[in-house]
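I've put the structures underneath this note.
Look at the two complexes coming up: chain A is in both, with chain B in one and chain C in the other.
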Partner chain A sequence: MTFAVEVKDVSLNYHEVAALKNISFTLEKGKIYGLLGRNGAGKTSLLSLLASLREQTGGTIRILGDAPFENPEVMQDVVFIYEKDNKDESEKVIGMLKFAERYRPHFNMDYAMDLVKGFNLPLNKAVKKLSKGQQSALFVTIGLASRCPLTIFDEAYLGMDAPTREIFYKELLEDQSNHPRTIIISTHLVSEMDYLFDEVLIIDKGTLILQEENETLISRGATITGTANEVDQFVKGLRKLNEQQLGNTKRVVIYGALSKEQRNEAKEKGLEVGVISLQDLFIHLTGEGM
Partner chain B sequence: MSQLFDENKPLFLQIREKIEDQIVNDQLKEGEQAPSTTQLVNFYKINHATVSKGVNQLVDEGILFKKRGIGMFVAEGAKEKLLEKRKNAFVNDFIVGLVQEADKLGISDEEIIEFIKKVKGSDSK
Partner chain C sequence: MKTKPIYLKIASDVFWFQLKWTIPFFSIILLVHLIQNAPVFTKGQPLQDFLLTSYISSNIYMFIIGIISAAVFLPFYVKNGLTRKDYFKSAILGSSGLAVALVLASAMIAGIEHLVIQMIDFPYGIESINVLQDAKDTDNNVIAIIVTGMLFSPIIDPGHGWVLTLFLFSVNLFTYFVMGWMIGAAFYRMKLIGFAVLALFIFLLRIRDIIWESGLPLYASMAGLFVLIGIMLWIIKLLSRRVTIKL
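Now for the complex of A and B:
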């Protein structure tokens, strides 16, 4: 089976600074991946390697079985939408779409036009005259309508207002289910976008700290709330991510699935077991200390 | 994550119950097309794998069935099956707790029935 993406022992140095250290993972075809990481963790560095914008310092990368760097066959199948400076882009919206149609073998102009309508974009306006949110909507349109086997959105929502982002998410899910492809989304809007991801990858300080199915990941985290003594006893031996205390009430975030017996034990002791969101897990897994 | 949901119940169970509810109260009739997984994901803002898990349980139990390339439909007899199942669960989910609490408070059986009549009476007004 060919994977959509295979990354093995990849590192990337900017002069003396290591931006990525020995990263390895594989991505399957047809899934939506969420790439999470704090500012400067290395998300954009990693994505720009996948999109052949740079070459890794060490390790190997395969996109649909081939090395991507300076490989035109691979590059036309990968679309990378990221924040860029468009203040000098005098091309009109329609011109940008026609350009994409020419170079992207799977580009669908009818669908692009539907999106243009949905996002309310003016076809004959120059890109540099669009608002930041409109520019983002245009590049998201190109990203979706290109229907590339590997589609990457790196904080593609910047400047979009909430209703526009909602259209983006809805279209992403619908078009992905009609035309399956591998999508990677990097975002800081974790709580707003968590439902989009089939799998989640978290990078921290240039290393991959976790790759997991979204559902499994969320079921691993739990909060235990109760009197401080009882909680402390219960969480002994479990991996604690965070703890907070209010008077004699304590709340501990744990990581690791609880067995049925443990859940029953918690119930008997009057402890409350709560679920935790992906956003909270992300914060605790990448936060400084405890 | 949707705010509508109960924190202490697995999400896939809640999804299947939402669909069950629609079948039980005739919003979704037998033979009709049920919402697709993608529509459910978009509507409830719950992850795809979670939604599929709930929907697949309903398929396994013969409440929904798949038509290749078209979508998901409500099976014949689905409503009856669900009503049967829910009636069985009714005793566990509602009556046991009610009786336990009534015993604790020393409420007699006659009083319980009076209360039920009262509630039902005020409902119909």
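Now for the complex of A and C:
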């Protein structure tokens, strides 16, 4: 089976600083992956390697079976959209789209135009004159309409307001189901985007600490809600990630899957067992808050 | 079906894009040229044709385009999924095309000037790039060497015939592009250490002049110039073939 991405023992050093340390993982074709990590964890370094913007110090990378660096067939099939400074970009929106159409073999201009309409982008305005949100929307449009087999969004939506982000999420899911491809989304907005991910990778201090299906991952913990005394008694000995109390009602987030007996016990005591959020897990697994 | 190599597509894009920049540059040079030449009609001096004006200013223009090639175009293309190698080939082709286009456009304007001068029977005549033969003063001051080296290239002698002269003019412009590109590539890759390449630049400029002024037969000098261009392209290739593209 050819994986969309195979990363084996990859390391990256900036002079003496190790940005990535022996990272290995595989990504399947047609899935959406969430890449989570705190600032400086190595997310962008890793994504730059996949986009062939730099070469790894050690290890191997394969994209659709081939090493990507300076490989024309692979490089044109990888699109990397990231948050960037466009203050000097005097090209117009339409010029940027035409350029992408010229060099991206799967680019679809009709779809790009639909997105331009949806995002309300002015076609004949220079990129540098667009608002931050419009710039993000333009590059996200290029990322989606390029329909590259490996599509990477690295915090590319930070400038967008909430309704625009919603359009992006909707389009991402819809276009991905119509034209399956592998998508990697790196983000800080975990709570807002968790439903998009099929699988999650968490990277911390240059090391991959976890790769798991989203559903499996969130079954690794639970929330227990009920009267303070009952909750406290129930969670004794369990690993608490977070707790909140309002009056006599308490909600505790625990880490670790609950056994069937524990679930029954909770039910008998009138406690409500809920699903943990990816955000809570992320914060726990990477040590501190964002 | 064999498709056209991608570098040809990039080369054509690079060429047209740079040509778009060249239009305002050329318009300004032409305006300056006209203003500068206006008094000759009253002062009784020969007119200097546009080829002469363009010859001096286009050197600097191509040098700057060369720097931009390394610092702006390369990252842009790689970020859009194209390889460094394809960009390298396309920049050579695209900028050679630009050098030829600049020379042809200058020659056309100069041709019109020559025609007009003949038609109006201007008594003091018109000068072209042959006057540069004497213009280059070989001062031993380093700055003077750089400045005169950049402004006045020694390779034009209309005694060779116009076709060869225009060809040499184009090669000369391309050399400036490659020099700018080499400096841009060194800065992009090594930041301040890239300054070291400036010394190399001055050295190569001198070598070029020495080759051309050595009294060697024309074709030997031309071969020397092409070897020099080859060395610079090789340096650019070494600097950029695995370069990290900054975000």
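By our rule, the second predicted complex is superposed on the first by the 245 of 290 C-alpha atoms of A that agree within 3 Å, B and C clash if a C-alpha of one lies under 4 Å from a C-alpha of the other, contacts with A are read in each partner's own complex, and residues count from 1 in each chain.
Keep this in mind: a residue touches a chain if its C-beta (ideal position, glycine included) is under 8 Å from a C-beta of that chain, and two chains touch if they have at least 3 such contacts.
On a predicted model such as this, the values are computed, not experimentally measured, just so you know.
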{"item": "Overlay on chain A: chain C relative to chain B, clash or fit", "value": "fit"}
{"item": "Which superposed partner A:Phe197 touches (first chain B, second chain C, both, neither)", "value": "first"}
{"item": "First (chain B), second (chain C), both or neither touched by A:Arg239", "value": "neither"}
{"item": "Touching partner for A:Lys117 - first (chain B), second (chain C), both, neither", "value": "neither"}
{"item": "Touching partner for A:Glu70 - first (chain B), second (chain C), both, neither", "value": "second"}
{"item": "First (chain B), second (chain C), both or neither touched by A:Lys128", "value": "neither"}
{"item": "First, second, both or neither for A:Phe80, with chain B first and chain C second", "value": "second"}
{"item": "Partner with the higher number of touched chain A residues, chain C or chain B", "value": "C"}
{"item": "First (chain B), second (chain C), both or neither touched by A:Phe99", "value": "second"}
{"item": "Chain C versus chain B - closest C-alpha approach in the superposed model, Å", "value": "30"}
{"item": "Touching both chain C and chain B, counted on chain A across the two superposed complexes", "value": "none"}
{"item": "Interface residues, chain A side, partner chain C - complex", "value": "44, 48, 51-55, 69-72, 75-80, 82, 84, 99-100, 102-104, 148"}
{"item": "Chain B residues within the chain A interface of the complex", "value": "1, 7-8, 36-38, 41-42, 45-50, 53"}
{"item": "Footprint of chain B on chain A - complex, ascending", "value": "32, 169-170, 173-174, 177, 191, 194-198, 213-215, 273-275, 277-278"}
{"item": "Residues of chain C touching chain A in the complex", "value": "6, 9, 13, 78-86, 241-242, 244-245, 247"}
